[in-house]
Each structure stands twice: as C-alpha cells, then as structure tokens.
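Pasting the structures here.
You will see two complexes here that share chain A, one where it goes with chain B and one where it goes with chain C.
For the complex of A and B:
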C-alpha cells in the first residue's frame, strides 16, 4: 500500500488502454493468413463438475462444451443473431411462431445426420425439462414441429423476444436425438463424453488435469477449424495459472482465470496480451443483497442509506484492479447495446452521499448509540474467491462511518448457500450475479414476487415484492416492440433504484489473457463460450 | 507361521477400526449444513425447485438419513464405494485415478526426506558443534519454517518462468502423447518441484530427530562397551547406534503417514498435481459425500497398513520387540 496513488492511476490507465490495441493486433482484426495445425492449451478454472452443458449451466462448462455442441445461431458484435445450425429464420407477425431452416450436410460426431428431429428433441425433451434457464427462457415454448428434416417450427404461447438472444451453443445447445432417446437424460453416458456437431470432438477427460478435444475432420463449415487440438487444463492455484501463461505453457485464460492482481504483470510480458472483448453477452454484477425481513432493512431509507454509504470506486480500484465499472442500477451497462439500460435513475454516487446517508438513517429512527453505532448487521462473505473477502472488508469499513457495525461471516459454499437461500439467516449478502442475455433472466429472478423461493439459490432472497414491478416485468417479457420494451425496462430500473432492495456495486468486466502466438481467438461477443473454430497459431 | 498369525490378528483388529471410522464419518459429514445439490445448483447460478428436486432424487439425498446410511453400508460391504455426485463418476474410479499420482509424489518426497534427513541428522550428530552441524541445523530450521506453498511458487518463478528448466505444473505434458522412457522423463520433470516442496518439511523434521536420537544413543553404556572392546567408530555407528537411533525416526514416519494425504493438499494445489489431496478438498467443498467417505475409507486403510508396516519394521530394527 506504499504505492503512489498517481503511479497506480497511470498504471491502471495503461493496463486498461492495452486491451484495445492488443485485441486489434491479435484478435478478430488480424490480417495474417491463418495457419492450419497446432495445439492450443486453454486454462479453465475451476474444473467443471460435468460436461452435461444442457443440464448444468455453470460458467466453467461452456469453454469446453461449446467446442463440441453448437446452437442454432451465433451472434455478431452488435449482438444480432447470425446463422449457425439454422441457416435462416422467420418470426411470424404475432411473434408466436419462429420457423428455422436448417443447414444441410451437418453430421454429429457419431456420424448421425443433423435434422429438425434433433432440434425438436433437444428443445422439448432435454432443454425444456432439464436446463436450469428453461423456466425463464423456454417458458413460452409449447411445441416444435418438424414439417421436413430441414425445417423446425417453434410454437410459443406468447411472444418471447428474448428467445432470439439465447440460441447460441452456450445457452441452448442442440443435441443428438439418437444418443439420448429412450435413456435417462441425466444419467446418459454422453454427459461427460459429449457428442455434438461442433468443430472439435471430445477425446478424453483426465480428472484433475485436462480435457482433450481433437479437430472434427468432418466439420460442416468448409476449411474449419484451423487448430488440430484444444487442451483444457485445470490448475487450481491462481499463482500457478499465471505462471503457466507466463512460461508459455498455456495459450489462453478466460473468465479472469488469471487473477486481476496479476494482470498488470502480464502486460509487461512480450508473449502475452490481454483483452476485455468477448464478454458482451455475459453481463454480470456484484451486488449487496439486503434481507427485507430485518427490522432495519425493511425501511426504504435505511436501504438507500447503505447504497449511499458505499463508494463503488474504491471497490473498483482495490478489489477489481480497475476492471469493470461502478454499477449505476439494476442492469449492467452491457444492455446499453440492446437499448434496455438506463442511468436516468436515483444515483447513489453523489458528492454529498455520506451526509445523505446519515440524514436518511436519522429519519429512519436509527439514532447513534454510545459507541457511535446505530445498529449492527452480519455480512455473509461470498465463498467463491478471495476477492469477495476483500470486498466484504471494504463494505465493513464503508458502513462504519454512517453508524452501521458490520460483522463478517465466512463459511464454505454449501453452508453459505443454505444459510442465505434456505434459512434466510442473513442480513447482508454479497453475491455475484449473472444477468444472462436478456433482462428476463436477471431482473425476473431477482425481483419478481414469485421468485421468493425457499431453497433456490440466487433468486429473490430479499423478500422484495412490488406489484407494479411484477406487472411491468411480466409485460417486458412479452413486449415484441423493442422501443416499448426498452421503455418498460427503463421504468422498472427507476422503480428498483428507488426501492433499493439491493445495492448494485460493480458491472463486472472479465479479462482474457492470451499468448500472442494465438490469433482470432475472440471472434464474437460470446468470446470463449463459443467455438474456437477460427483460432489459429503461429509455428 | 508366527508372522502370519500376527498379521491375521492385526487385520481382524483393523476391521472394526475402519468400520468405526466409516460410520463416524458418515454421520459427522451429514451434520454439516448444505448438500451437493445446493452447491451444484449454486454454481449454475440458476435453479428452479424442480431442478433442485431432480438433483436430490438423482443423488438419493431425498431419502431419510437412516435409509441413506443403510444403502451406503450395504454398498460398502460389497466393496462398492458408490457414485460421486459432483464428478458424475464411480468413486472407486476417481480414487484409483488419483492414487497413482499421489503415491508417486508421496513415496518420492517421503523417501527423499527419510534418506536425506537421516543422513543429515547422522552427520550433524557425529560432527557435533562443528560447522557442518551448524549448517545442517540452520538449513533444517529454515526448511522447517518455510511454507510449502511459498517455496513451490518461488521454485516455479525461478525454474519454470525465468530459467525454463522445468514445467510449471501438472503430472505430465498434456496432449504430448509421450510413451516409454520419454513419458518417464516427462513425468519426472513434472515431479521434481512438487517433491522438493513437499519433502523439505519432513527432511528437516527427520534430520533434527535423527540428530537428537544419535546424540542420545552415543552416550549409552553399550556404546562405551563397544568402544572398550576396540570396535571402530564406523562399526559402532552403523552396527549399533544407527539401528537404535532409527527407532524414533520410524515412529515419527509412521505417525506422519496419516498426514500424508491431507498434508499434500497445498502442494498438489500449487503444482496442479492431480492427487487425492485436491480431490478430497474439492469433495468437501462441494459436499460430495460419497467421494469424501470413499477417500476417508481408503485413507483409513492406508494408515492401518502403514502402522502395521511400522510395527513390523520395529521388530526388524530391535530384536527385543516381539510379534
């Protein structure tokens, strides 16, 4: 902590400026001729529990699974759907039918041809029944017709404009019907030996070490992929992960597998580059949830006071090492492209925020005691990494000046989840929330009254219930007009910021570290959660 | 015949010990809050009650504890360690996969520590108060006090990043498809740093214990008698003192065998070594109960076996001890 603040600032600026240049030099903008061959080693952390991507949506599975499984669409940098297994589509004027024309000549890795029957089976028999995001994303899907082998028609009970954002291999992968039909889907042997249509075929999984994927010689996109092999390596220690990149043993580390603290050092290594691209469809926020059943936290003024007391810039600087942005409200800025984000709402980052916080607490009837504290709260420390402990330590410091005495409680993941989401035995909780590809995913699960679901993790554990928000979120789900939809969500964000059921801290920005031998690794907004079909390596 | 009877007796005694450990562990683990389903659902970041229910049914966690215990005990009696919730794989397969890397690391580190520690302790004791003794004592103290994870990371920085002599981590070069001696060489290069990081602590312990033990023995009457009989110092050391001085070292090695699996977690984590230690840690974190119980079972069996081996070694080193 003896570092000069000025130097720190300069250094961070330099670090933040670097990704753009390096991404242009070695990312999708590279002009050199792609070279065939080579083995790319990517670090995936932590090791996935399963590769059953269709039934478990943990973030460490897609970097492997999306090399094998594909979706109907991919997405361009403006987040518009692009043809993939579907070569074209048509949405009916009433928004209740989507007709997909499928690619010809596509085969699964087991040699079976890909047809509309696979699309029907994947959506109706696997994804709708077993995928954790299905209760939101596929809730309106009623049936899939297959008038011919290359046409699949999705029928919806109501328009579902968000569905077109979720058709990638990451969110709704297409499976081979003949592999699953007549079996117990959750016990199917292909769970950890995936069979898809993707550019790489699964070869082996050595637990605790690596997954090996080899080039699919029969891939349907001519000439692709360029790489012969992808190895996903699992290295539990953060320092060793950084060392593997620095030593040139690994070529790609995404989703901040390299600690933020090590990134500045990486920039001085000539064989390495950083990029923040490839996360445009992966919005996430760190937040502070407030238990609405706590006598003090039931008061809107107290909740707002907590939001005013926290300086998000400190978290950004000292916990996230400058990566990300201070959150302004319930939606990440990544929804700006879709016209759904607004910062025209109650702002908590005003200069006199501490005065406002103290006034609100006085008005809420929480006077300071002899020790100058008003009341005490327990904060449950997020168990998913050391940085959350640092954030919790700052939150304790930040709330002390306004008279809130915070006690930190660190427990292992299972105990933490049970305490918060089953027993509701918490005051403050600092989860890290993925917001999905559309607000229906993040906002609905956090703020709908119907999402107060005992025992279900990362839903509405704050007991927040506002009939107007319920009604508007419901309308937002079904509104096909993008302008009207944007207006609905902007209004929802304004109400939520006013009610303040949680405190929005940081719009998280992940970082990828890559070896400069590797080119075209980040070719779309899903980054590492889509196939490395165009990636290639120098000799 | 006598040895066979002794072994049979000890193995019979070990059965209730191992069974007791299994039963105790089963109920202790179930006292901890949370289950594998909630951790898996939590990692997914999205879960409906139906999804959680599916997971609990799949894992058998929806059954009463008594039923779960009976199922587990029945499986155990058939030497079936069950199915790992998290890894979607039979527990036996997972443990066997990890046993070889752990065994290799442990035997290398432990063997090196035992041999080098004993030798250093012997040298220090026979050259008491010399510069050799001082250097060995200082090195032992530093090795004893140096955290294994720090040493591991420093070795990675020096030997893997700056000098490029050794790989940073892993069991072998993934995707290299080496065979025969090339494979042996590849694994050996990966083994060097974790084995050193793990062995230094034990080396220091054995050196200090051996030094103290030798010093104690050289003051005994039988050594004076041997000298009076005109035996050379080398003969006295190798023929009399060493055997007796080794007894405390062997005792300590036997006790530490129980720490082997747990003690290797840090080193395995730093070097990405796919061993039992990290498997156990991850199983605990994810409440993968069957896997955890399986590891406890294997670990209990190993401790019982090592203790048996130590007892047998005692009788070989000290004829006064009888089976």
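For the complex of A and C:
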C-alpha cells in the first residue's frame, strides 16, 4: 500500500491558512513502483464542443487533447522548457532563430513517422493561421526550415522570448501533416478524431457521455504510459460530479469541476485528495473592469477609490471558499517564478483604505447627496455561474459605504457580452480573465490601445490608452534578456496600478480532486493539460 | 357578500390560512423596524447556524437569513399580488370582450387565449424575463402574461351566461350603452368567481417568482425567497438552514393562500353553496 500524501480532515479555514501544505499534497509521487494497467476515469466539465485543439482555445479541450497531441517541449516545476518531441534546441544570440533537434523513432497514431515536415506544417499552415493565441504568440514567426527530417529551424522577425513558454502540447500542439495536407483544416475529419503522437490514442466520443482514449502501444517513450485506458466523462450537474468522486466512480476532477463549496467535504473523505498543483502555467484573475468613458470613471481618483473600497479577503473567503489569493496588481502571482511579477506598486489593501477612498472621491468632486450616496453605477453580473452573482452582491455592499450606489444587472451570456464588448453600455463589469503563459498574452490583450476592439470579447473594453504603457508592452515583447524584461514588466505593473483602469480582485486558484488510488497524476505545471503518461493506479 | 363572509368564517381551514396570511402581512409591515438596513448587508460571519446571534443563521456571505426572509416576503407578496392584478385586468378585458360580443371577436380572442394556455407557463415566464432582462417589473409582467388565460376563460363563460338573462335583455331594450351594461351590470355579477380564482392565482404567482429567482432570473437587487434558496443550494449539505427556512416560508404562504382561496371559492360560488 503506497502512502500518497493527501489532505484529510481539513476545515475550510485550515485550508486557507495552509496553502503550502496543500501544494505539497501531490506531485511528489508515491514511493511504490508504478503498476501497469487500469482505467482512469476523469471528469471533464463542461463537455467540449470540439476536440480541434489546434484551432480553439477552451480550458475543457486540453485535458483530452493533450493525451493525444504532444508539443515540442514540456515544462518543469520552475517553468523551464524540457525536451519532449524536441530532443534539444539552440537559440541564436540575436534571438531570431531557434533550431530544434527532434526525437527519432516517433510515429503518429496512424503509423506515419514524425519528422520536421510535420513541425513546419503545424506551425506555418495550422497554428499560425488558425490558433487563437497565434496573433500574439506566433506573430514574429516568419518561416520554418527543415534542413533534414530531424531538424526544424524557426525563423523570427524579432526576438520572441515568450515563445519558449508556449511550446507545450496544450498551447502549440504538433499535428500530422499527411492528415491535414490538401484539406480544409477547419473541416478536417480528424478535428473530433484526433491523431497525434501522444501516449493515448483516441478511440471514440459518445456525445453527452464520454470520450475513450486507449494506451498507445507504440508510444516512443519506453515503458509508458502505465494506464490502459482513460475515460473522460461529462456530467453536467455539479452535485452528481461531486457524488461520482465521493463514490470512487471517477478518479480525477480538475479545473474546479467539483464546486468550491463541496471541497471542504471532499477533504474529509479518506479516498479523496486535493491539490492546487498543476496550474502553475494557468494564471487567471477575477477583475472589476471600469468603463473609462463614464464621466465619473474617467477620473483616476474615482477608479482608485473603488479599488480601495473593496476588501478582497471577503471575496476570497466567502465567494471563492478560500481558494486563490487576493490579487495585488495586474499580474497573477504565478508569474513570480518567471521573475515578472511585482507587488512593489500602489497597494489597495492598506488598513486605512476606506478613509483614502472617501478622500479620493471628495477630491474628485463627487460629493455625497441627501441619501449619502455620491453617484450610481451599474454592475453587469458575470453570467457564468452562481459565484459571480455572490461576488456582485458583495461588490455592491462594499461600494455603498464610500457612497457609490451600485445596481446589479444580470442578463444571459450573449446579451451581457454584447452589452459590454460591443455596445460598451456598462459601468462596471466583473469578468474572469485568463493570463496565458506569458504577460504578452494577458497584459497586451487588456491594456494596449490597439486592443480597444469593438465586438471582440475580453479585450480592452475600458478604453484604457496610455502611450507609455503601449510602448513598454511592445518593448517587453521583444526583450530577450530576462532581467531587463522583468524590469520592463515591473514598471508596466506600477503604471497600471497607478492608472487603475480595472480593479484586480483575486488570483484564481483551480483545484484538482483525485482518488488516492491514482498516483503521479500531477507531474508538471500544466497539470491535467498535459499527458497522463506517468499516472498509474493501485489495483 | 355578507352571507359569504359568514360562510367563510365557518371554514376552519380557511381561517387558519387567513391567520397565516395576516401574520405574514404583519411581518412585512414590521420588517423595516425588525431588520433595519439592507437585507444584502454582510451582517456577520458566514454560515452561522441558527440560534445564535442570528435567529435563522447566516448565509455564505454572512447575511442574516431571517432578515432576508422578511424582505423576501415583501417581494413575494408584491409580485404575487401585482402579477395577479395584471392577470385579472387583462383576463377580464379579453374574456369580457369575447363573452359580450361573441361571434368573430370571441373566436379570435379565445383562440389566442387557448394558444397561450398550450405553452407551458413556467417556460414562457422564463423566456419573457430573459428578453425583458430581470427586474421586479419584468417578473410581474411575465407572471401576469402566463396567468391571464384562466381568468379570461372564466369571465367569458360568466359573460356568455349573463348575456341571455332577462335583466341584461331589459337593459339592452332600454337602450343602455355597451359600457354601462358591462360595467354596471355584468361585471359586478361575476366578481365573486374572479376573487376566488384570483386569490388562488397569487399562490401560483409566488411559486413562479420563487422559481425564476432560483434560476437567477430574479431582480438581483431585490431580496426574494427564490434567491436565498438558490444562493444556499451550493452548501445544502453543510448549511441546511439557508435553503430550509425560505422553503418553509414559501410552503406556508402558498398553503395559506390556497386555503383562503378555497374558502373564498366555497363561500362565494353559488354552485357550491348547496353542498
């Protein structure tokens, strides 16, 4: 019997107090010898609408797709690239050429050998054209040369230091050229019957039920994978998902497929464990966006006052059930490992924050009226779930004491997104924003002047425009030196915190729930968005 | 009417219902004094069980469940009564026109009424609220819009029956205008069944409102019983009190309204009087 460390009998408060203990809950595998065989059932929620992982970015596709598709690299816990389909690589001193040496003897699930032609085709013909992150991540990529079948050379117009963070199977998967060549990429039949080089082969997808993935007998890593089969199950009801984990019917539930509210109960179940590891490359924040065209929100003092008035600890404790951390600024703490995060900026969590907020509002020329309110604002309730209504209810309560009368408006998803991102007919908006593997993804999207794009969701809808920030974000993209790059982003964060175009609320933390029979399920920073090649199960 | 009230007073169950409703009404009137301030206010620590500083405990955000229920009662009654009045107004107009003029008017209006009756009421209410975007007004409109067909059919039936009676024929013969006949003679003669059916409608309206709020289609700025239950659902297994107390409130209120409605029906409906 192995002794996989897992959490038991921890109250919600204890979990709050012990983030480090939680982090240690997994990743360090059991001492026992891995066992071949077994079927692992993982809950994926919600059911993906497609498995065309290379053309659609949605958090629910990679848990399935990355079992099948691999990338050139994987990442260690310090987020450094490690060999995967690429055996080694060399970056030219000017940062404009990256030469990858590829693994030998790798075959796709259809028997075709993997060569540099597949790398070239994947990058130039599929990813650069159709992958939603390509306009940022691959914008500098001009061509891929293939001097021999096991060498691929990426040519860049300018240095792109962030590219080395995006080479995993989750972000830039490698596809089989002969499957796609000469067909319409988006209509290719392999979209929902993926063919890759990964440890598991796609077998079937029963809509509304499950996806079945079987062990790849010819996997190029010797002896791997251990599991015979992975079943990805789709269970729409949150209560049923929790029950499936508690009954041992499912062995793994990632990406908070189990409601935060149920996690406290899970910790006291002896067959279950919890981990917050495996999300190191999945930073996200919940924020409050402020419409920069509103006559009051145009004033920097008013925006800062709103940031001061909100107690992030209440949201963390009562809305997020203690999972996550109060956001300090524009970047999630998860960028600390890469040396890009700073908390040396205007801090809104000071003890006298309410006095400061009131003073700023007085100075901004927004006096209190007869009902002690200064002015009113509408808050658009995020329609993606219950917890956002709770957060909105709290925000309304938090802004009343400083004299801002908030009215909540909850609409269906389509109406909400159209109101905010197309009509700009909003004052406050509470979205949840993914920040990608590098600040070029999150910060550029949110704060560049060029990202004020009518009709595009989750971009700069605050009308934030600061030429200095534009210039620095541009420089940050191209700076190959990690130290200098870190300095640029620290400065950007300081300016943004001062300008306060949005209020940063919570650094989101997802949680995985696992059955203690399952071992080595979380072996890297991508967690469930990388292959379960080393996962194994007790009998 | 006086005799009807006396008959009502002899009905013990109806009196029991009336007592509950009276209590509810007193609670609504006393709410501002009992629970001053905003029911959304974070009054204390989250998830406090009942019996401590907070009589019925606190919810996931630390809001006082008792205060929420008291303010929710106001919302439920407001929407229940408002939607019912709207349904009666519209139902009486449609049913009255159809029953009085008969012929083509009746055919058109009653086909429209039947069309509305064939659509599942709750689904239609969801649709209307989603289109109008959730607020107290849109909830009242939606619930009224799904509740009027019953009233319309009732009124059409009553008007059709009254139309052939001698006193109406006499009025017509004396040259009374349509409006005078409808408002002075026909309508007063069918108030009793309208009151009886309308009182039952209030209960249905409260249930629909709770359902809408539970699904997140209530006014997010106004406390309601459905909203409390939907907020407490996530922690149902660890904090039973958040869902249980508003659930009991809905149960008691709808039960009371049904008892009173049945009592009124028996007291005022001439056909049941002989029983």
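As a working rule, the second predicted complex is superposed on the first by the 515 of 539 C-alpha atoms of A that agree within 3 Å, B and C clash if a C-alpha of one lies under 4 Å from a C-alpha of the other, contacts with A are read in each partner's own complex, and residues count from 1 in each chain.
The working rule: a residue touches a chain if its C-beta (ideal position, glycine included) is under 8 Å from a C-beta of that chain, and two chains touch if they have at least 3 such contacts.
Quick caveat, the model's predicted, so the values are computed rather than measured.
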Putting chain B and chain C onto chain A via the overlay, clash or fit? fit
Using the touch definition from the top, say if A:221 reaches chain B (first), chain C (second), both or neither. neither
First, second, both or neither for A:247, with chain B first and chain C second: first
In the superposed arrangement, does A:299 touch chain B (first), chain C (second), both or neither? neither
Mind working out whether A:192 is in touch with chain B, chain C, both or neither, as first, second, both or neither? first
Looking at chain A, does chain B or chain C touch a larger number of its residues? B
With the two structures laid over each other on chain A, which partner does A:453 touch: chain B (first), chain C (second), both, or neither? first
Which superposed partner A:389 touches (first chain B, second chain C, both, neither): second
Once chain A of both complexes is superposed, is A:415 in touch with chain B (first), chain C (second), both, or neither? both
After superposition on the shared chain, which partner residues are touched by A:491: those of chain B (first), chain C (second), both, or neither? neither
Could you say whether A:56 touches chain B, chain C, both of them, or neither, answering first, second, both or neither? first
Gap in Å between nearest CA atoms once chain C and chain B share a frame through chain A: 6
Overlap the chain B and chain C contact sets on chain A and report the shared residues. 412, 415
Chain B contact footprint on chain A (complex, rising order): 39, 41, 47, 49-50, 52, 56-59, 130, 132-133, 135-136, 186-187, 191-192, 206-210, 212, 229, 231, 233-237, 239-240, 243-244, 246-247, 249, 412-419, 421-422, 433-434, 441, 445, 453, 455-458
Residue set of chain B touching chain A in the complex reads 32-36, 38-52, 54, 58, 86-89, 94, 97-98, 149, 153, 156-157, 160-161, 164, 167-171, 174-175, 268-272, 274-275, 278-279, 282, 284-287
Provide the residue numbers of chain C that touch chain A in the complex, in ascending order. 38, 40-42, 46, 60-62, 130, 133-134, 216-217, 220-221, 230-231, 233-235, 237-238
Of all residues in chain A, which touch chain C in the complex? 238, 259, 261-262, 264-265, 314, 317-319, 381, 386, 389-390, 392-394, 396-397, 400, 407-412, 415
